[in-house]
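Labels A, B and C are assigned to the chains in the order they are written; within every chain, residues are numbered from 1.
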Amino acid sequence: MIGNSGLVITGAVHLDSDKDGSISFIGSTAYLNKWESSKVTAAVIQEKLVQDNLPGDGRAFVVVKNADLAMAKILELFTPDAIIFNEAINRSAVISETAKIGQNAKIGANCYIGNEVQIGANTTIYPNSTILDNAIIGDHTIIKSGTVISERCVIGDSCIIHTNVNIGTDGFGYRPSDDGRSIVKIPHIGNVEIGNHVEIGSGTCIDRGKFDATIIGHGTKIDNLVQIGHNCKIGMSTLIAGCTGISGSVTIGNGVTIAGHVSIKDHINIGDGVTIGGKSGVINDIAAGQTVLGFPAMEVKKTLRKWAVLNRLIKTGNN
Amino acid sequence: MIGNSGLVITGAVHLDSDKDGSISFIGSTAYLNKWESSKVTAAVIQEKLVQDNLPGDGRAFVVVKNADLAMAKILELFTPDAIIFNEAINRSAVISETAKIGQNAKIGANCYIGNEVQIGANTTIYPNSTILDNAIIGDHTIIKSGTVISERCVIGDSCIIHTNVNIGTDGFGYRPSDDGRSIVKIPHIGNVEIGNHVEIGSGTCIDRGKFDATIIGHGTKIDNLVQIGHNCKIGMSTLIAGCTGISGSVTIGNGVTIAGHVSIKDHINIGDGVTIGGKSGVINDIAAGQTVLGFPAMEVKKTLRKWAVLNRLIKTGNN
Amino acid sequence: MIGNSGLVITGAVHLDSDKDGSISFIGSTAYLNKWESSKVTAAVIQEKLVQDNLPGDGRAFVVVKNADLAMAKILELFTPDAIIFNEAINRSAVISETAKIGQNAKIGANCYIGNEVQIGANTTIYPNSTILDNAIIGDHTIIKSGTVISERCVIGDSCIIHTNVNIGTDGFGYRPSDDGRSIVKIPHIGNVEIGNHVEIGSGTCIDRGKFDATIIGHGTKIDNLVQIGHNCKIGMSTLIAGCTGISGSVTIGNGVTIAGHVSIKDHINIGDGVTIGGKSGVINDIAAGQTVLGFPAMEVKKTLRKWAVLNRLIKTGNN
């Protein structure tokens, strides 16, 4: 720590904030340049950026190896309380007599909890959520408002399911009618099984399997407005960013990173540790460890070379 | 049938399942190769794959012309019961006195049914759904939880509208203000009219027309997270896969197949029987029967040739 | 006005409608060609299209400088009543004792209004909406069914928030765990602040900031199924069409037009008055006033030239 060690810090802010008694972070030279004119009194600062800089009169630097990481931990200290449930189980919630509600579970106003549903201990269901028959929700899980967990689906422990999420919609599968003149729905009798420590963003849809389960592995984090088709098997600690669409029967490994607006064709296999760049369209299997980009998605260097070739072609006489 | 005809089958599973007394399907050599080590006792199998193969001790093959189709029909046999409504009309639902509710209709907990709404016979409204004033829902239709049918919209018979669907949002139309300094909303006084046997996936949005109706034809199936703009006219038995966005005033024929993450520009006409490949961007009309791909979408062969040309260019000295 | 000035007009329709006593609009030669066979009795018509044309027996033209604009204003006259709230505050709504509800506010059936929430005067909350603790909603604002305004978020005056919208979901931010073996959620302690006269489409998600606010400026209009990441700052009178995904920490100016299915990388800056064509992928900053297209998005002329070059390459021997 450099500078005034007697400061009382009551919040975390950006450098351009004018809130008194706050701390911010300096993770790059650009941020360092803003420091002098900033009204913020303290900052965590990346070690290599300190050099000869002093925080200035009455201000302080907390010198750290990784400013991003330090700030993430500071935010944990300043996290405000979650919403308050004035009754643990709101009297307006409609709960089947055959549902089992765990100890210290909270159920918000106007929820519906169906027949034979199991809600784990210390789990919180926000107002206006719907949990349909025979669904099972683990312990310490949070289900936010407007979300629907459809019949027979299983959610693990310590998950966060954000607002208006759709778990267990029927897969998009049809067959021609016997007379070949129309399309007939194929029943989807499977379910969705979600591991522990999974987070699922608002509006996201995960379809139920045709016969068995669509699976989301432990620790996987899925952003808003993502579509995951029937029968997908997604590994552990995988990240899937917003607006991505994954067709049916796709298999995705562990530790995969999928950026936003990616599309993945049905029945594709994606190995462990793969990275898929934003807006890519994946139509071939991807081996473990690869980084791909573009449509059709291929090794990132190849796609960047294509982009460069096209830029050159429009500059030459060839147009 | 080949093999043990005395088996009792109680479920349908994938070949890698270990559930006793189940049936699976063998539609390709890859699946056939898994059969010997599989614990499943019976399988429907594509005729041409049988040849010399026998199911093995105590196991059975049901030989069929189309294993996919046969399995779809088997799933119909094993479809579990839908959710159970403990009261036909849940006492927590708020239903306007001027709404007309058909015979044997079921209305779940915490639904809202507005003024002058009509709900058909044998129609089921899942918990936490909202049907606003003057909407009309046909017979034998299912509306799942969290879905909102906005005022004056019309849904046909035998439809399935999945969770958190949005029918009848105002179209995205604005005009400059008279002083040219801001944007003013154009009222959308039309509605949405959905035919019979239509299925609509979770989170999907269908906007109301500016003056008249946005129309979805009989038998059309729409996947999750699809956006359909104001004044679109979509034909019969058309399939639209997930994450597709269709701008305003697009006309789409009958028997069209649109894959996932497709974008269609406003005022485009798409003929009957067209197929649009995944992630395509359609900016020109498409004549009946064509198959298109890419952005800009064009005849699939042309797009594949472009992809091949680019692959060649980055391999040659031209980069 | 040309023709029969004694007509009584009771609705606005398309030229192919057969509703008596209605008015339509003629903004192009294509529409003019439909006029003679149309059953519609009156039309607003673009000045330059009139020339020698007469409306015909008993019919009328209203000649205007801008038929689109005139029609938008006519629609305002024919806008039907909004839904009727039979009780201003429905008795089934669950409203915290510490919430402050403004004069003439309406709250629909089965809503939840959390602790310390403030709802402005003349604001309408449709049935089955959820407003969580400490959120603030301005005056004359409409919040439609299924929408969730999460804790501490702020919505301005005269906004329209359509159905199943998600305001204030946690941003998609994680850090490696201390042992490097899993991913840990970064708390998002900021909120979302939405200006006045903002409209937000169905299913759209706006994430809360990490420390401070995600901001949407006055008069900005956002379509359905749009994703806006944490810490974005979006200016005034900007239009964002459906299915667009905007990553975290993006800054967007005033009067920007973003078409459908656009993707924008994190930390990008987009100047005032920019236009971004449909399905573009923006990976570089865009200076004020530019029009861009494609992936990677660049000056629209350059992208069109690339498309032309590729079309030429597949026609020559080069394939």
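The rule is short, and it goes like this: contacts are C-beta pairs under 8 Å (C-beta built on N, C-alpha and C of every residue); 3 or more make two chains touch, one makes a residue touch a chain.
These figures come from a predicted structure and were not determined experimentally.
Comparing the contact residues of chain A and chain B by number shows a mostly separate set, under half of all numbers used being common to the two copies. Chain B maps onto chain C through a rotation of 120 degrees [Cα fit, steps of 5, range 0 to 180]. Inter-chain spacing, taken between the CA centroids of chain A and chain B, is 25 Å. In chain A, the residues touching two or more other chains are 92, 110, 128, 146, 164, 203, 225, 243, 261, 295, 310. Looking at the complex, you find that chain B touches chain C at residues 92, 94, 96, 110-112, 114-115, 128-130, 132-133, 146-148, 150-152, 164, 166, 169-170, 172-175, 182-189, 203, 205, 207, 210-212, 225, 227, 229, 243, 245, 247, 261, 263, 265, 281, 283, 295-296, 302, 305-306, 308-310, 312. Here chain A touches chain C in the complex through residues 12-14, 17, 68-69, 72, 75-76, 78-80, 82-84, 86, 90, 92, 108-110, 126-128, 144-146, 160, 162-164, 197, 199, 201-203, 219, 221, 223-225, 237, 239, 241-243, 260-261, 278-279, 295, 307, 310, 313-314, 318-319, going by the rule given at the top.
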